[in-house]
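In the two complexes below, chain A is the common chain; its partner is chain B in one and chain C in the other.
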Partner chain A sequence: MDTTIAIRPVRLKPRLPALLEGWGPALVFLAPALVMLCLFKLWLIAEAVYTSTGTFDPGGQRIGNAGLDNFGFALSDSRFQWGLWLSLFAAVAKVPVQLALGLAAALMLRANTGGNAVVRAMVISPMFFGLPVTTFIFAYMFDANVGAVNAILSGIGLPRVAWLSTEAPAQMLVLGLSIWRDVGVTMLVFLAGLSAIPPQIANAAKLDGAGPFALFFTITLPLLARSFQFAVVLATLASFQILVPVLMLTKGGPTGATDLASFQIYETAFSYFDLGTASAMSLALLFGLIVIIALELRWLAVKWTYE
Partner chain B sequence: MKRPLRFMLRLVLAALFVAPILLALAASFRDNSDMYRYAGSLSLWTFLPAEPGIDAYRRAFTLPLLQTQLFNTVLLGFVMATGTTVSSLLAGYALSRFRFRGRQALFLLMLFTLFIPVDVILPPLFFVVRDLGLIDSFWGLALPFIFSPIGVYLIRQAIEEVPRELDHAASLDGAGLWEVLRTAILPNIRGALIACWLMHFVFVWEWYLWPLTAMRSDDGQLAQVAIASLIDPLRSTDYALVFAAAILTILPAFVVFAILQRFLTSSQATTGGK
Partner chain C sequence: MTRSAIPFEPSRRDVLKGLSAGLAATALGGLSPAFAQADPYAGLKGEELELLIWDGGAFVDNMMARVQERWSAVGGGALKFRKVPFGDLDRAVRSANQGGIGPDVFLANAPNVITYKKLGLIEPVTDMFTKEDLEDFFPTVRLGSEIDGEFYGPSTNENGQALYYDRQLTERYGLKLPETLADAWTWDEWLRVFTEIQAAERKRRGNEQFFALYPNMGNTGLFFSGSYPRSAGEKGSDAWKMVSDDGLKSSGCLNSPEAIKGLQLIQDIHHRHGIAPVSTQKDMFYNDQVAFFCGVPLYLAPIRKARPDIDLATAPVPYIRTPIIHTGSFAWLVNRQTAKIGDAKLFLKFMGSPQGNDVVARGWTSPPIRKSMVADRPEFQTKPMALFIDSITEWSVPRPKVPGFSELDTMWSRLEADIVSGGDVKPLADDATRRIDAQLRRYG
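Then we have the complex of A and B:
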């Protein structure tokens, strides 16, 4: 879709030259960030690749080369395959729900009124409490004995649920916590996208007789494509970061229902001390994440701009 | 839509996000006999303390290491916020105002590291920090995250908005690179700097996995990680204590946020080409 909305402004003055040419002095300013980038991102990946090709004794000393055996071992392990499926399932379940809720909230709260500002602040408030504390809150709400959710369920005549020791409820709890926390981010992305839509477009469509549904599906939604792409990528990334409630509450259970790949990586490294396999698993999961995000960026690519 | 319906929808939406938080706040004012007697069945006392009291807060204060651990969290917050803001400011300045080969590629590489979540890469990160001899130390916690792609992005964007005429004027007046940064750029990006600082400060309260992995001594542990060990989903947890301690833990973040948030927008007025 090629939509150019206004005429590109004519540049009257030539662009000013840069303050400085060349790497030398730039390095002085870049140094702190570059050193940390090299140590904790680039070396990190190199370390992961190097460790993944080794065998280690339980004390963490490298005792031999394993070539690609660690990858073969990890990827042919049926438990790790299940973990990868679960991680993919988490993304597939979280992204659409979060996008739908975030978009609905953004549409509902897009007008800049005082009341809307308060409700927006409430929707993003879980972010201010931090992941550990929000996990405590969910642990309490869904506690089998003293949790408010079970109290309400039994109060209206429904059976109580053992949230952490039944499979589907445990998965819903972990995913629900993640969505509840992150809906605010998605809403903010869509609010920014909505505020960038020039009002004349919607006005023109209204003059042409578009009803609210036509307006939404033919104008608003297509013009939100860029926010949509950004929100999908952010939500996908977040769906790979749901280890905290699993580690704190479910420990991969019950019967493997929350045995995410990231949880298995943690266990393999820090409970079984199998460093080589853990690194191979890390790289495999990271590769999967990057492939998914690359595909999303490609499929949802937007070719037009407002000018 | 009719007005009452709209109002109800907003109320439901707000309640969905605030009710759990209020429930936790109420729980911190209960004592355990109250909680285990009333909270499990539906009545007003499911949600509110039947006999409100601050006993849980008293007990939280007597947790042997909570005050040390809370100090660790706050100190880490200040160090992380200041470290990321300074490194992002310098890098953002160079990436926006200097020309050098591979500048765009470097910026993209920095942004790309956003796609390496700590959940996925925990073991190799542990090995790197172990090789540096920093496991069980404060700097082992802090250093791996002092480089922040989001910080660099935020501040570079803010510097891009500052008219280049300003730094060229300063430069023509004989200002060096540091002087340009100090006199032409800094005063115009105060909002972004405070946003960056505040974001990374509050972000420390998100931390769980990395301190759990890289800090095994109780003295050096962060408060939120220590509190998490009070929760045992399979036995009866002392939730009043958990939430009293958790509320004490997030209080410093709220105080700092409340002090700084009014500076977030105020500096916009001084920006703009003159």
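Then we have the complex of A and C:
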């Protein structure tokens, strides 16, 4: 008697090596960056998540679990709410100015004008001096009574300004310092973008009679879209991380005018030793940043590519 | 071979020698407590001690090198230092024992002693000091480190407060200022003089940026400016206390009607009267941009260096209702978890002794911590510096004893800055007290 056994093809789950087929070389090259990412970003975020669920004594020792209470406490605190709004306003004010200045500096350097050395010195120097040094210089420059800026204002007959103890000037000062600090990075991003634009395109446009303005608005600016997207994301991130100018110049004042969320997180963690709440505040800020950056990436998505 | 129990036959002389040796031994034995007292560091093992200190550069390094010399001379071991930036000192002490046993000794801001006691970080050293020692300390040295009847560590130096000024300037306008605490003026009296001097000097110099008073606010926490609301109340009142008796509540004290008067004065001297600059640059007096400088003895050396030509004088600081100044400096504390507790406690005994304290107090150009030591510091026995000793003795109080002093001080600085910037004092004080209380509740 013949028996026929029907054999159904068995679909085996692909093994891990099969899944990684073709990815090997990429992973090797990515490994250092991935390790760094895990060590210095993801692990810390995981640590913050854990810390945000704890209660801590004022010595920084975890003494109990808080569940989500720290989030509730942080988000219902009117001061932190104000800090989040203020950080958002700071980003809205800072990002466009920083982009405009960074692009202008990049165009000047690209054009190789006579002012290159000045631009380089002005834009790059704060990156190398370090923010505490720059901020310290600012503190002296903008002192109400003995500062150089007020001495100049007074010398030309203008009234002195209490830069650090009046709301709007203090905000301008903190933002200005932060912009000055970060504009160098933006400039480098745009310089890289400008270098990547094929010169033939601009040459072709010139042959068609395009002037400098038309060239800039119809060729250069659209082709800088990728750099623009990257620069916006970087500038947004930096805006929400403004800390040193506030810490050294205004300490959140006057009357809360520079009480940014980042400063409040620092103060809650390292002045009030409330690590649980500070971690919850950090994660709330992180979540908000992810949403904002996701929107930015979507709005600024580039749909073209060089062939 | 047999061995005799006594290998030789003792002579009468030998017996006499033995007897006298026995008598001497008995006498010495009987005197042993006296000998122990003569060696205050008996029991010292000469172990290496690690000290957590703030990084003050070569100045502190040199001072600690001299401490090491004297400590070694009494049998102490090597001193090793773990240095942290000044602003990180409190954080470093609080977290010293996380991840293992931390340094053996902490140099900490004295008002934080109560915090560290509350967190179980420090060991009392009451047994290292006699009653006479404790009574010899200036009041704030003892009061600042004494909690629940236990003494936790001596300070590095004392301070005192007074107004520095150039007598040539006041004599120009025929002004006679108080020179002793008994003649001290209230703010009302001072405001008249401040206003007059400022107006006259501005006119003479043709410079609107000359001010009467540098009140030393902006980066000194409540050391100087905390006196304003406290001084507005009677001794023992809510305003004077600044916080409740248990140290866990500031509402009702810091925002009491009397305290608000003091807080309002902070704003008024900057705006309404306009006699104080909003600048927080301490060198305004050194640069001859202010007439009076509210300061501590430490500032004497830089003043002498910057303005050697002036006839330096001092006057008691103004008060509203009750004379009060904050004093106290850094305190030496023993880490409760150290394995070298014996040597660590003896190190504190040494640093509280005239021998040990002299190095540090002189290093800071400040008064010593003991009354008896002032005799060896002639500069503090005559004008202008004697006033600092008087202020320590008669007017000084520790900063408020609050388990979360660091938190209080941070919020105070914020409140002070907001008041100086012109904010509405009462709502600011109410908001500050609410937030301070929320932080202090964690220590309850």
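One rule holds for everything that comes next: the second predicted complex is superposed on the first by the 254 of 307 C-alpha atoms of A that agree within 3 Å, B and C clash if a C-alpha of one lies under 4 Å from a C-alpha of the other, contacts with A are read in each partner's own complex, and residues count from 1 in each chain.
One rule holds in what follows: a contact is a pair of C-beta atoms (placed from the backbone, for glycine too) under 8 Å apart; a residue touches a chain by one contact, two chains touch by 3 or more.
Treat the numbers as computed from the prediction; the structure is a model and nothing was measured.
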Partner chain(s) touched by A:155 [first = chain B, second = chain C, both, neither]: first
Would you mind checking which one, chain B or chain C, touches more residues on chain A? B
For A:273, select first, second, both or neither according to whether it touches chain B, chain C, the two together, or no partner. second
Looking at A:146 after the superposition, I want to know if it touches chain B, chain C, both of them or none. Which is it: first, second, both, neither? both
Going by the contact rule set out at the top, does A:60 touch chain B (first), chain C (second), both, or neither? both
Touching A:255 in the superposition: chain B (first), chain C (second), both, neither? second
Contacts for A:33 in the overlay, against chain B (first) and chain C (second): which applies, first, second, both or neither? first
Classify the contacts of A:44 with the two partner chains as first (chain B alone), second (chain C alone), both, or neither. first
Once chain A of both complexes is superposed, is A:214 in touch with chain B (first), chain C (second), both, or neither? neither
Common ground on chain A, meaning residues reached by chain C in one complex and by chain B in the other: 60, 140, 143, 145-147, 154, 164, 250, 270
With touch defined as at the start, can you tell me which chain A residues reach chain B in the complex? 15-16, 18-23, 25-26, 29-34, 36-37, 39-41, 43-45, 47-48, 51, 60, 105, 108-109, 115-116, 118-119, 122-123, 125-126, 128-133, 135-141, 143, 145-148, 150-152, 154-156, 164, 180, 184, 237, 240-244, 247-250, 262, 265-266, 268-270, 275, 278-279, 282, 285-286, 289-290, 293
Any idea which chain B residues touch chain A in the complex? 6, 9-10, 13-14, 16-18, 20-21, 23-24, 27, 35-36, 39-43, 46-47, 86-88, 90-91, 93-95, 97-101, 106, 109-110, 113-128, 130-132, 143-147, 152, 164-165, 167-168, 171, 177, 180, 202, 205-209, 212-213, 224-225, 227-228, 231, 233-234, 236-237, 239, 242-243, 246, 249-250, 253-254, 257
Complex contact set, residues of chain C against chain A: 91, 94-95, 98, 115, 118-119, 121, 209, 211, 277-281, 284, 287, 289, 403-404, 406-407, 410, 413-414, 417-418, 420-423, 428, 435, 439, 442-443
With touch defined as at the start, can you tell me which chain A residues reach chain C in the complex? 57-61, 79, 140, 143-147, 154, 162, 164-167, 250-256, 267, 270-274
